[in-house]
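Some notes on the structure that comes next.
Going in written order, the chains are labelled A, B, C, D and E, and every chain counts its residues from 1.
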Amino acid sequence: MQRIGVFVCHCGTNIAATVDVKTVAEALGHEPGVVISQDYQYMCSESGQNLVKNAIKEHNLTGVVVCSCSPRMHENTFRKAAASAGLNPYLVEIANIREQCSWIHKDIASATEKAIILGKAAVAKVHLNAPLTAGESPVAKRALVIGGGIAGIQTALDIAEAGFEVDIVEKNPTIGGKMAQIDKTFPTLDCAACILTPKMVEASQNEKITIHSFSEVTDVKGFVGNFTVTIKKKARFVDETKCTGCGLCTEKCPMKKVPNEFNMGLDNRTAIYIPFAQAVPKVATIDPNYCMMMKTGKCGVCSKVCSVGAIDYKQEDKFIEQKYGAIVVATGFNPIKLDKYDEFAYNQCPDVVTSLELERLMNAAGPNGGTLLRPSDKTHPHKIVFVQCVGSRCDDSKGKPYCSKICCMYTAKHAMLIREKYPDTEVYVFYIDVRTPGKNFDEFYRRAVEQYNVHYIKGMVGKVTPRSDGKIDVQASDLLANEQLHIDADMVVLAAAIEPDKTARPLATMLTTQMDTNDFFTEAHPKLRPVESATAGIFLSGACQGPKDIPETVAQASAAAAKAIGLLVKDSITCNPCVAHSDELMCNGCSSCEKVCPYGAITYTDKEFKMPDRTIAVRRVASVNPAVCQGCGACTVACPSGAMDLNGFSNSQIMAEVDAICK
Amino acid sequence: MNKNLKEQVIRSSGVNVLKCMRCGKCSGTCPSYDEMEYHPHQFVYMVERGDIETLMNSKSIYKCLTCFACVDRCPRNVEPAKVVEAVRLAAVRQQGNNHMNPNQIPEMLDDDLPQQAIVTAFRKYIK
Amino acid sequence: MQVNENKEFQPLIVAFCCNWCSYAGADLSGTNRLNYPSNVKIIRVPCSCRVNPMFILRAFQRGADGVILCGCHPGDCHYTSGNYFTRRRMTLLFSMLDFLGIERDRTRVEWVSAAEGAKFAATMNEFTEAVKKLGPNRRLEDLRCRKQ
Amino acid sequence: MQEAMINRAKQLLADGTVDRVIGWKRGEFAYDITPAVFRSAEELDADFVFDDFTSANVSKYLVKESKKEGKILAFLKPCDTYSFNQLTKEHRVVRENVYIIGIPGGPKLDAEKIKAKGITGILGVKNENYTLKIETVYGEETMPYYEAVLDKCASCKSKKHVVFDELIGDDGEVLESNRFEMVEKLENMTAQERFDFWRDQLSKCIRCNACRNVCPACTCEKCVFDNPNSGVENKAPADSFEENMFHIIRAFHVAGRCTDCGECSRVCPQNIPLHLLNRKFIKDINSLYGEYQAGEDTTSRAPLNDYKQDDCEASIVHERGVE
Amino acid sequence: METFTYYPGCTLRTKAKDLDTYARSSAEALGIALEEPADWQCCGGAYTTAKDEIATKLSAVRTLNSAKEMNRPLITVCSACHNVIKQTNYDIANDEEMASKVNNYLKLDEPYSGETTVYHYLEMLRDVVGFDNLAQKVVDPFKGKKIAAYYGCLLLRPSKALAMDDPENPTIMEDFIKAIGGTPVIYAQRNECCGGYITLEDKAQASKRSRAVMDSAQDQGADMMITACPLCLYNLKKNSGSELPVYYFTELLAEALGLKEGNNE
C-alpha cells in the first residue's frame, strides 16, 4: 500500500498569490494513497525541507510529491532531503505550479484548478515510481586532445603536468597550427616561433604526451570517463620511427612545383616535404598527389638518398583504438575563402592578399626570407592599404555575422611592423570601428597611429581596380572627411573573417556535442561553464568555441585542461539511473532500438529461454549498458513490442500522467 | 525631423535603416559619389534621423545611377539605392516637381540615342 | 474538459515537452510572466523522442482536444538526434491521423529552445485558439471517457 | 510447376540438404490452401499443393521453423522473398537454416470473388486465354480471369526474387504498379469523407486478429495489445476509439517494415482494406524520405530508424492535401 | 527544337536592331525557336524598387504572364529589359503584398505570382545550349582576339533577384568568349556602371564613368568589348572618347556561327 506525502509550497507569494495553496493541499489530500498533504511558506528552506523529512519518517512515506517551482530548480534539493530521511531519492516527484502555473495565469480559480491537476498527475506518477540506484562507472586515466595548435599543445602540456597520459591528434604533418605561421605576436611584438616552438618541443619530449600527427579521429564511442576513439594515422609514406628529419630527401626530390600550403601557396615545396624547419615531429611526408614515384612508378630518388631506409611507398592508413576518460576539442579556425568579395579583386590580382598571407610574406622563414615584396613582381611596396572586416559583421547571406575579434589588433601589428621596417612605405587602414579591448591593446593601436603614423581612415573600401602599370586603384570612402578617395596602392591586405575548421562539424556529430549556426562549439553555459561542452567529458579549447587571440586561447586551453584533470583524478563517476532497460521476455531482438541509440549503449546477446512446453529456445535479446545510456528514450518508441522502457519515465508512468491530466 | 515623410520613405523603400553599421562601403563603392551632395551612407543615416526634406531638395537624388553596387556590396543588406529611390519618388510625386520636362527632350536627342534612355528618364524623374 | 452549454468551449491541451529545451522554455515563459491559457497541461519527458504515439492516442482517448509535442530545434537535441526521430515519427503519425479524417489542427510539433519563452507562450496561445475553433474532439474520442 | 517443386524437394530431402519442407496443402475445399510442413517424399506426394489458389506467404512460419534444428526448404514467391528478407534484417529468421527456392508469383485467384459470381462447389480452375474455366460439382462455369484475381496480385509491385538459393522458373522484374491509386483517392477526399470512409470500414472490425496473425512483420514475442503492462492492452474493441487505436498502432508498428504483401486485407473476414493504412505509410515514406522498399535488402536502415538533418517538418501534413 | 518565349523590348525594335536580328538568327542556328508574345509592351527601362509603385510594374508583369500562359520560359536579351523583368518577377514571387496589389490592377484570369522562369539569352546559351555545344558549332572563331566582357550593372545586380552569376566574379560572358574562340580579358571595371542612365541629364558624368570602364579594359589589353545593353553600347561608344570598339555579344555570336553575311541585308 502506497503512503504518499504531498507538500505544497507558497514560494512566498510567488505561488500563493495566484494559486489557493490551501485548496490544492486539501484536494490532493483526497487522492488515493495520499496520507499527508501540507502547505508551507518556503518548502525549499531548511525548515520546509525538515517538514518533508519529518513526514517521511513519521508517516513512513513511500513517495513524495512537492508542488513548487520547476523541477529544474529544486528537484535535486528535495531528492537529497528525501535521501537524508531514508527515502530513495527517485521516489520524489515535483509538480511545477510556479513557472507553469502561478506565474502565467492571473485567474485564481483556473490557476488553482490547474495546480490541482498538475499535483494529481504527479501523485499518479509517483504511485509507479521505483526506487533507483545510481551506478558508478570507472574513469579511463587518459585524455585525448583533438587539434595540435597552441590550444591543443597548452591543454596537453597542462594535463601531462598533472600526471596523466595525453594524446594529441593533429591532421597536419606537424603540430603548431596557425601560430606557427604567424610572424610576430601582438601587443608585445615578440616572435611567434620563439615562444611557440619551445612548447612544441616540450610536448614532443614529455613522456606523458603522445603526438599522432597526420592523423584524424574517425570514430568516437562511449561516454564520459569511458570513450573509445578510433584514430586514423594517414599514410605519410615515410616510417616515422626511422626518419631522422635530415631533410636530404626534400633537397633531392625532383618534383619542386607543389604549392606550399604552409606559406599559403605563395611559393612551392617538393613532393616529399617537412612543412617547416621546426616541425614536430620532424619527419618527412610524401604528397601522393605530386610524387612521381606514386603517380608514374618512375623516380624513387628519396628512397635512394634516405640513409635510414624510412621511405615506404606502399604504406597504408593505420587505425588505432584507444580508451580515454576525457576529450578536449581544439580544432581551431581558418580564414574564410574570399571568392564572394571580389570587389576587392583578390582573385584578379596577386598583390591583393589576406592577412595570413602577409604574415608569411613578412616571415623570415617565408617565401621572401622576411623581406616584404609584392608577390607579382617581387618589388618593394610603397603604399599598402589594409581593409578591415572582410566577411565579418555581415548580414546573413553576406558573410559571418560575428566580429572575428583578432583582426583589429593584427592589422595594427602589421601596419606597425611595416612602418618600422620600411619607413618609406605609407600604410592606410580602412576601419569601421577599431576594437581593442584587452590589456595593452588600445595603447598598442594608439602607438601605430601616433608613433608610426599609420593612416587610419574611418570608412570602407568599395572597389579595387588593378591596373596594368602594377598599381592598384583603391576606391574607398573617408567618412570623416566626407570624401571618396582613390589610392594608388602597391598592395592591398584583406582582414578576412575567420571561421571554425571544416573538420569541426563532423567531429561534433561524432562527439554528440552541440554547435551554433556558425559551427562554433557551444559551451555548456556561456558564462559559468565556458570551457565545457554540454556533453559530459568533452571540453573546449581555443578558437573552436569562438574567435580568440593567443592569450585568450592559452587561458582557455589551461582552463579546459583543469576541467579535464578534475575528471581524470576521479576513479569513478556516478551515473544517471534514469536509463533504459529491456524486458528480455518480450524482446524480439530486431535491432530497432540499437539503430536509434545515439550512444551505442545497446548490445545483443543470444540467450536461452525455457519455453512453456519445457523446450529451450535461444533468442537474440537486447541489453542496455546503464553506464553508456543517457536516458533519451528514443529506443522505447522504436521498440515495437514495448520491451524497452525507461526508468523514471516509464510507459506506465507517462500514461498515468496523461490519464490524471485528462480525467 | 519629419515623421510622416520618414515613415513613407521607409515603407516605400522596404529598407530597415537600423541595420546599417556605418561602415561606409556604399559610399566607397558608389560610382556617382563625386556628383552627389549627400552620399549613399548619408541617405541611410538621414532617413534614420528623419531628415528627409533636405534630401528631397538635393540634386543628389537625380545623380544615383541605380546601379545597385551599394545594394549588392552592403555587408548588412541595407540596400541604400532603394532608399535613394524612395526619396526621389517622394520628391517627384509632389505636384509640379517633375525633374524633367518633356519639352526639353528633343534637344537632348541624337540619332543613335536608344529610346530606352528617354523611357528611363521619364520613369525615374516624372510622375 | 467541461462542455457547458452556456460557457465557451474550453479545450484540454496536453503538451509533451522535452526536459532540456522546451520544458526550460516553458519555465522561461513563466519567469517572464508571459500568459498562456490554463487549458495547457505540460508533461515532462527527457526528450521529444520519448513520446510514443500511444501516449498521444491515449490523451485523445481520455478526453484531450489537442496534443502538442515540443522539443529542441533540429540540430540542438541534447541527445544529438532524438528530435530527428521524433520529426519522422510524428510526421507519419499525424499524416495517418489526417488520413483517417482526424482534424489536422489537433496535433502539432513545435521546436522551442530553452531561450524561447516568448515563442512557447505564443505557440500555446495559438494552438489553444486553433483547437478551440475545432470544438471538442469527437472523431477520436472514447465515449466511455467522456465527462458529464 | 507443382510437380517440379515436389521433385526438387524430394531430391533435397534425399541428399540431406534439408530435413523438412514448408509448402502448402489443401484444406476442406479446393481453394482452401494452407501452409504445411512436410518431412518425407511420401508426405509431399500425398499432400503438397501449388496452384492458382496458393497465395499464402510462408515467411512468417519460418520465424519459428528456422530456429529449430536442421535446415528447412521454403518455396517463396517474389512477394514472400521481401517478407523473408525483412525478417532476416530484423534477426527474426535464421537465414542459414533455410534453403530457399524462388518460385514464380501470381496472379493468384480469390475464391471469394468467384463465389461472388454465384459460383459454388468449386473443384478446380483453369485459365484459358484469360477466361477462367471453373470446374464445380454442378458442372463447368466461366468468368473473366482478371475478375477473379486477388486484389493484392492485381497491384503486384515486383516479380523479382530478392533472396533465394535457387530458382524454379525465371526471375522477374520490379514492376511499375498502380498500388497507391486508392490511397491517393482517399487523400483527395475531405477530412469528413475520409473519416466517414474509415469509420464505416473499421467499425466492421471484430478483432479476430487474423491481420495480426498473418502479418509477416507482426512477429513480436508479445504484442502490446496482449500485454497488461503496456497501457493499451485490448482484447476486443469496446468502442470506435479502440477500433481506430488498434489499427493505427498496428500500422505504425509495421511502418517502414511492411513490405506491402497484402496478406492483411486478404485474410480479413470483414473485407476491411487494411493494406491501405500500410500503403499510406509507404507512400508518405517514399515521398518524404525517398523511395524505400522494405525487404528489398537486409542492410539498409528502416526509415523510422533513420533521419536526415533536412527532413521535412511535421507541419507538412498541414500544408498539403485536402482538409 | 526547343521553343522559348522571346521578349525583344522597345530599343531592339529601333536603335538596337543588330542586337535583335543576330540573336534571332543565332538562336535558329542553335536549334532554339524564339516566339514573341503577341501583345508585349515596353518594360519601362528602369525598375522602380519602391514598394508603393505598382503601375510602373504592370507592363513587365503582363509580359511575364503572357509567357506563363504560353507555358514556356521567357528569354530576354537587352540587359535593361532583363533587369526590369527579372526584378519584377522576383518581387512578385517574394512580396505577397506587392503581388496582390499588382493582381488587383491586372484582373487576370488567374493571378500571377512569379511562376515564369526568366532567362537572359546568355543563360540560355549556358544552360540550354551549353557552351561546349556552342563551341562545336562555331565555324569562324575569334582566334587570338582579346575580348573584354562588359557586364555593367544591369546583368548581375541586385544579385538576389538576378541570380545569373557570381556578382563579383562572373564567368558567363568570359565562358561565352572562350566558346566563340576568343580570349577573355578580366578587368576590374567590368561589373561597374557606365553611367548610361544619366546620359540625357549629365553628359559629363556619363562620360567619366564610361571612360573608366573603357580605360580599365584597354589597360588590361583588350582588342574589343562586348555588351548586351543598347544603352551601354551607345554610352561607351559615344561618351567615353575611347577608340576601343564595342559590339553586341550577339553580333560576335552570329559572326562566329558564320551567319553575319546572310543577315546583313
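The rule is short, and it goes like this: a residue touches a chain if its C-beta (ideal position, glycine included) is under 8 Å from a C-beta of that chain, and two chains touch if they have at least 3 such contacts.
The shown structure was predicted, so the numbers you read here are calculated from the model rather than taken from an experiment.
Undergrad: Any chains in contact with both chain D and chain E?
TA: Shared contacts of chain D and chain E: A.
Undergrad: Need the CA-centroid distance for the pair chain B / chain C, whole Å please.
TA: From the centre of chain B to the centre of chain C is 50 Å.
Undergrad: Averaging over Cα atoms per chain, report the distance between chain A and chain C in Å.
TA: From the centre of chain A to the centre of chain C is 33 Å.
Undergrad: Using mean CA coordinates as chain centres, what's the chain A-chain B distance in Å?
TA: 47
Undergrad: Averaged over CA atoms, how far is the centre of chain C from the centre of chain D? Could you give it in whole Å?
TA: Computed value for the inter-centroid distance: 36 Å.
Undergrad: Which parts of chain D, given as residue numbers and ranges, touch two or more other chains?
TA: Counting only residues that touch two or more other chains, chain D contributes 224, 230-231, 304-306.
Undergrad: Please set out, as single numbers or ranges, the residues of chain C touching at least two other chains.
TA: 53-54, 58, 75, 81, 85, 89
Undergrad: If I count partner chains per residue in chain E, which residues reach a count of at least 2?
TA: Residues 192 of chain E touch two or more partner chains.
Undergrad: According to the definition of touch, which chains form touching pairs?
TA: Once each pair is checked, the touching ones are A-B, A-C, A-D, A-E, B-E, C-D.
Undergrad: Within their complex, state which residues of chain E touch chain B.
TA: So the residues of chain E touching chain B come out as 9-11, 14-16, 42, 44-53, 56, 78, 80, 95, 152-153, 156-159, 167, 192-193, 195-202, 205, 209, 212, 230-231, 234, 237-238.
Undergrad: Quick check on the complex: what are the chain B residues that touch chain E?
TA: Within the complex, chain B touches chain E at residues 11-14, 31-32, 35, 62-63, 65-69, 71-72, 79, 81-82, 85-86, 89, 100, 105, 108, 110, 112-121, 123-125.
Undergrad: Quick one: which bits of chain B touch chain A in the complex? Just the residue numbers, please.
TA: By the definition above, chain B touches chain A via 19, 21-30, 33-34, 39, 41, 69, 73-77.
Undergrad: Under the definition above, what is the set of chain A residues touching chain C in their complex?
TA: Touching chain C from chain A are residues 70-72, 96, 98-101, 103-107, 110-111, 113-114, 117-118, 121, 509, 512, 514-515, 534, 578, 596, 598, 630-634, 636-638, 646, 649, 651, 654-655, 657-659, 661-663.
Undergrad: Which stretch or stretches of chain A touch chain E in the complex?
TA: Residues 339-343, 345, 347-348, 397, 463-469, 473.
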